[in-house]
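Note that subunit A is present in both complexes that follow, paired respectively with subunit B and with subunit C.
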Partner chain A sequence: MKNWPWAILAPALLFVLIGLFAPLIMTHDPGAQDYGALLTGPSGAHWLGTDYLGRDMFSRIVGGARTSLVAMAFVLLAALAIGVVIGSFAGYVGGKTELVMISVIDIVLALPSLIIALALMGVFSGDNFTWMSDYWKMIVALTMAWWANYARMSRAVVVAELQQPYIEAARVMGASHLWIFTRHILPHVLGLVVVYASADAGALVLAIATLSFLGLGVAPPTPEWGQMLVDGMSYIEEYPSLVVIPGLALTAVVVSFNLLGEAFALQKVPRAVRGRFLTRKKVARAAEESARKEVEA
Partner chain B sequence: MQRMFMRRTGLALLLMLAATALTFWLVTAAPGNVAALIAERAAGAGADGAMIQKIADDLGLNDPLPVRYVRWLGDALTGDFGVSIRTGKPMAEEFSARIPMTLTLLAGGGVLALTLSLVMGIAGAASNGGVVDRALHGMALVGASTPNFFVAALLVIVFSVWLGWVPTFGVSGFTSWLMPWFTIALFPASVLARVVRVNLQDTMSRPFATTGFAKGLTRRAVLLREALPNIAIPYMTTFGAQFTLMIIGAIVVERVFGLAGVGSFFIEAIRFRDFIGMQAILTLFVVFFVSVNLFVDLLAMLADPRLRRPRKA
Partner chain C sequence: MTDRESRGGPAIQATGLKVHFQTAAGLVRAVDGVDLTVARGAFHGIVGESGCGKTTLARALIGLQSATAGQVNILGRDRAEWARADRKGFARAVQFIFQDPLGSMSRRQTVGQTLEEPLQIHGQGDRAARRGRVAELLDLVALPATVLDRLPRSLSGGQRQRVSIARALALSPQVLICDEPLSALDVSVRAQIVNLFARLQAQLGLTIVIVAHDLAIVREVCSAVTVMYLGRVAEEGAAKPLFDDPAHPYSQALLSAVPSPDPRIEAARPRILLEGDPPSPRNPPPGCRFSTRCPVVEPRCRETEPALRTVQHGGAAACHLADARDHAMI
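Then we have the complex of A and B:
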């Protein structure tokens, strides 16, 4: 990580900080309605103006950052944990158990994750699930749709790592399965999966906003960017800023996470990963080559 | 080769079966709902327990899940996907009314993504590190990061509100399709442009490209005649994946522009708890995803003999 472009972390870090300290940054209560100041432009009192209910846009954007960040962190951690456990178990055990588990993973991956999350939101709207709030429904739905990618990745790493001679050496020396797994294999799995997750965070922020945009995510009183955007669509002709401001915030966050992902991809990432990561590896190779050419020139 | 084709097709069919079984299980995980909803529709608030029970019996909702799945599958194979709880019309009818709209959206978006990505990718490789290359790289990054509903909103603001060129809502004629097409094409085009760019650079450094230069070919000739055909397989595979993901774009775009396609029906079905409609649409999606992937795989196998050899497990 010596030559790693640390500056690229800054935008993503900024988002995390804004989300964490949102209550301190907000100038108004994001839910407070002021009928004396409907749809006003930027001013000293309201830095980004107000929306159709007189709510302070700046505070709602900051509050939306917190909503996205918290939901994203929950889903990412849960999906990662579930995926790593299932995937590495399948890879370590092998045989028929592995085959069955891979099949399940492949079936889940037969549909795009967002479609699965949407369908689950429909299922959770049934009478059996009234005990969950909409916010938690969304988190659970996204987690159930998101784990499979991590499981497939973890399994690939475990299978590749098990073929290394040092594992055999450890076994000969009498190491238990638990020891081999936690000491030798898990670090490799986590190393890769965490890197992937940091780049995946952008896709997840986007998914959260898309669910809310479609009216199937975070419920109204909570400030959320996708929902602010869909609310603003009704006023798009006279007040396009209601749409543009949350849209820009969302795009900025996704760009910053994608930049992070690209920076990670340009470094050497562990081998033995298929699918999406293969193209990233090619990016890496291409970048190395262009760097070499620049040095030569 | 034929055996590999058959094997791959058989696996795809199995995957379709398993995936529809999974969605069937999920969608029916809220028991009692379907009968109660139908009863509510038929009799308003006056639906009582007996009526709900009768509907459940008539539809066989009390049978064990595997029995219901097999019965559903048998009906589905003959084109009967049940009656939508929301609209009260057979799903087959909804399909024939809505699929053309979504297909037009996907086809137009697909062609646009193909054209844009090839132009951007080749232009980037031709410039190779120059201003054009870097500008296109930046554009692709932003294009792959902008939520499609925001793209749609921006297009509406610029072309409908400011310039007044196209209507904000609905489709009438070719020009009104342009905004929906561009909205769903931007993301795949950005991703694919990167694939073209990176793979072209990769192939340009291979020995056969050097031979091309040694023979005195111009850079353009090497790029287009020697390097370009070599990116066909990675391009095709990524295009297939991106094309299937465009269904998400279609869902969003149909909502924003008020198009009566499959995607908007899906969202309405979810909101209305129209589980029969949901299952039918999910089945359609599964068939679409699995068959596009299968088609791309078979094409790749046709193009690259190495992929035809059975892999060692």
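Then we have the complex of A and C:
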């Protein structure tokens, strides 16, 4: 990671830090309504103004960052765990089991994940699911819409890694399947999947906002960017800042995670090229040197 | 494991071993009925040209390749049953060395981790004891301790093969099966590794089976040789007499390809060039498998397949024209 563009981490890191320390950063209670200051512009008391209920926009944006971060982390971790387990199992076991599992994964992948999440939210709205809060319904729905990509990637890595001769060597040494998987295969799987997840985080923040925007995700008192967008919609002509501010926040997060993913991806590809390029240069330089010495001699 | 000719019985005994592959183009008979006996403490070479099934045979001996038919006994115990009932015990008794040392090691693990892994798998010793054993192993294969923290890709070819040998020796096996351990190395390094094998065998009393291309090396170090042709044993016997007077026309041709270091012998050395390529193992010829290329072929060779019979040098050859007193010369 010597030549890694560390600066690219900054925007995503900023989002994570804001989310983690939201209670310390917020200047007001994001739920507190101030009827004396409805729909005001930026001021010393309210850095980004107030919304139609007199709530402090800055605190709501910061609180929204935390809501997004926490929900995103839940979904990402759960989707990653489920995806890695299912995908690795399919890849390791092979045969008909793998075929069946891969078909299921492909079917899930064929449908847009947001559509799956919406359909599941519909199912969860039934009487059988009253024990789950809307928040957890959203988390579960998004997880079930999101795992398939990780499963497919994990399987691909496992299958590729299993063909390596060193796996055979480990078997000759008497290693159990569990040993081979945890010691040799899992690190490769996690290496790839975590990189992909870093780019995926932005898309997930957007999906959470989308569900909340549609009224299916985070319930109103909790500050949430998608929710803020809906609330601001009715005032878009007179007070566009109510929509623009959460919109910009969302855009910034999506872009920052995309940049992060891009940096990882770019780092992965050209390293070999760079290495080879350097050796070629080195060889050329050595040849030049020896030629010069010969001439001198 | 220290006394070389202990407890009688061969180290490896394969009977009627067959490995067939079903491919799109038909059934490939890579190994087609091989009987092989490797004595305890022997340095047994398996030679033959590319595609004759020697690698498949080596892999089938240790179970990396499941056999279509036949049985393998290692140290007097049925291999399949042993590996199933006691995977780790089997691994401690029999080890395998791969052709490509780089591929056979995890590219993420340092040499130290690679060498420690078999000890960890078998729960041998604590951290300090394992470290000590790893140091011992490095000594055994004459590698400096400085390689411990390096990754396999930053080692030279010879060092990599030394590491893979050290790893195979970590569990103190009695039998070592090597699949062309020398082909990935250049000639100067080959000699070092061969000497290492010979030294280890003398030092540890190992039984070593080595699949090799390089006949000169087999002649130099092996005590017994099996010559394979098209999935079958063409000739077998003790190395010296077999190399001096091969009875099977194929062995004669194969061994005539070995260069001699002595320029006088080299100048006078007869060279036998065989016509054509070996037939496809998908569809071996009727009768003797070598009949399509044999310079001294007779009509009966094309009809009935010769069984292995005792020949002059004391080993056995699968040739109609060979018997205990005489054999064909080409």
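Heads up, the rule we're going with is that the second predicted complex is superposed on the first by the 268 of 297 C-alpha atoms of A that agree within 3 Å, B and C clash if a C-alpha of one lies under 4 Å from a C-alpha of the other, contacts with A are read in each partner's own complex, and residues count from 1 in each chain.
Heads up, the rule we're going with is that a contact is a pair of C-beta atoms (placed from the backbone, for glycine too) under 8 Å apart; a residue touches a chain by one contact, two chains touch by 3 or more.
Please read these numbers as outputs of a predicted model, since none were measured by experiment.
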* To do: Label the relationship between subunit B and subunit C on subunit A in the superposed model as either fit or clash.
  => fit
* Partner touching more residues of subunit A, whether subunit B or subunit C -> B
* Asked: Regarding the shared-chain residue A:Ser43, is it in contact with subunit B (first), subunit C (second), both, or neither?
  -> neither
* Now for A:Ser234: first (subunit B), second (subunit C), both, or neither, which partner does it touch? -> neither
* Asked: Once the shared chain is lined up, is A:Gln164 touching subunit B (first), subunit C (second), both, or neither of them?
  -> second
* Using the touch definition from the top, say if A:Trp179 reaches subunit B (first), subunit C (second), both or neither. => second
* Have a look at where A:Pro187 lands relative to subunit B and subunit C in the superposition and call it first, second, both or neither. => second
* For the overlay built on chain A, what is the smallest gap between any CA atom of subunit B and any CA atom of subunit C, in Å? -> 10
* **Of subunit A, residues touching subunit B in the complex** => 103, 106-108, 110-112, 114-115, 118-123, 125-129, 202, 206, 209-210, 213-216, 226, 229-230, 232-233, 236-237, 240, 243-244, 247, 250-251, 254-255, 258-259, 262, 279, 282-283, 285-286, 289-290, 294
* Asked: Which part of subunit B faces subunit A closely enough to touch in the complex?
  -> 15-16, 18-19, 22-23, 26-27, 29-33, 36, 129, 141-142, 144-147, 149-150, 153-154, 156-157, 161, 168, 194-195, 198-199, 201-202, 205, 234, 238, 244-245, 247-248, 251-252, 255-256, 266-267, 269-271, 273, 275, 278, 282, 285-286, 289-290
* Could you pull out which subunit C residues touch subunit A in their complex? => 62, 64, 87-88, 90-92, 95-96, 98, 100, 103-108, 117-118, 121-122, 164, 167, 171
* **Residue numbers on subunit A that touch subunit C, as the complex places them** => 164-166, 168-176, 179, 183-184, 187-188
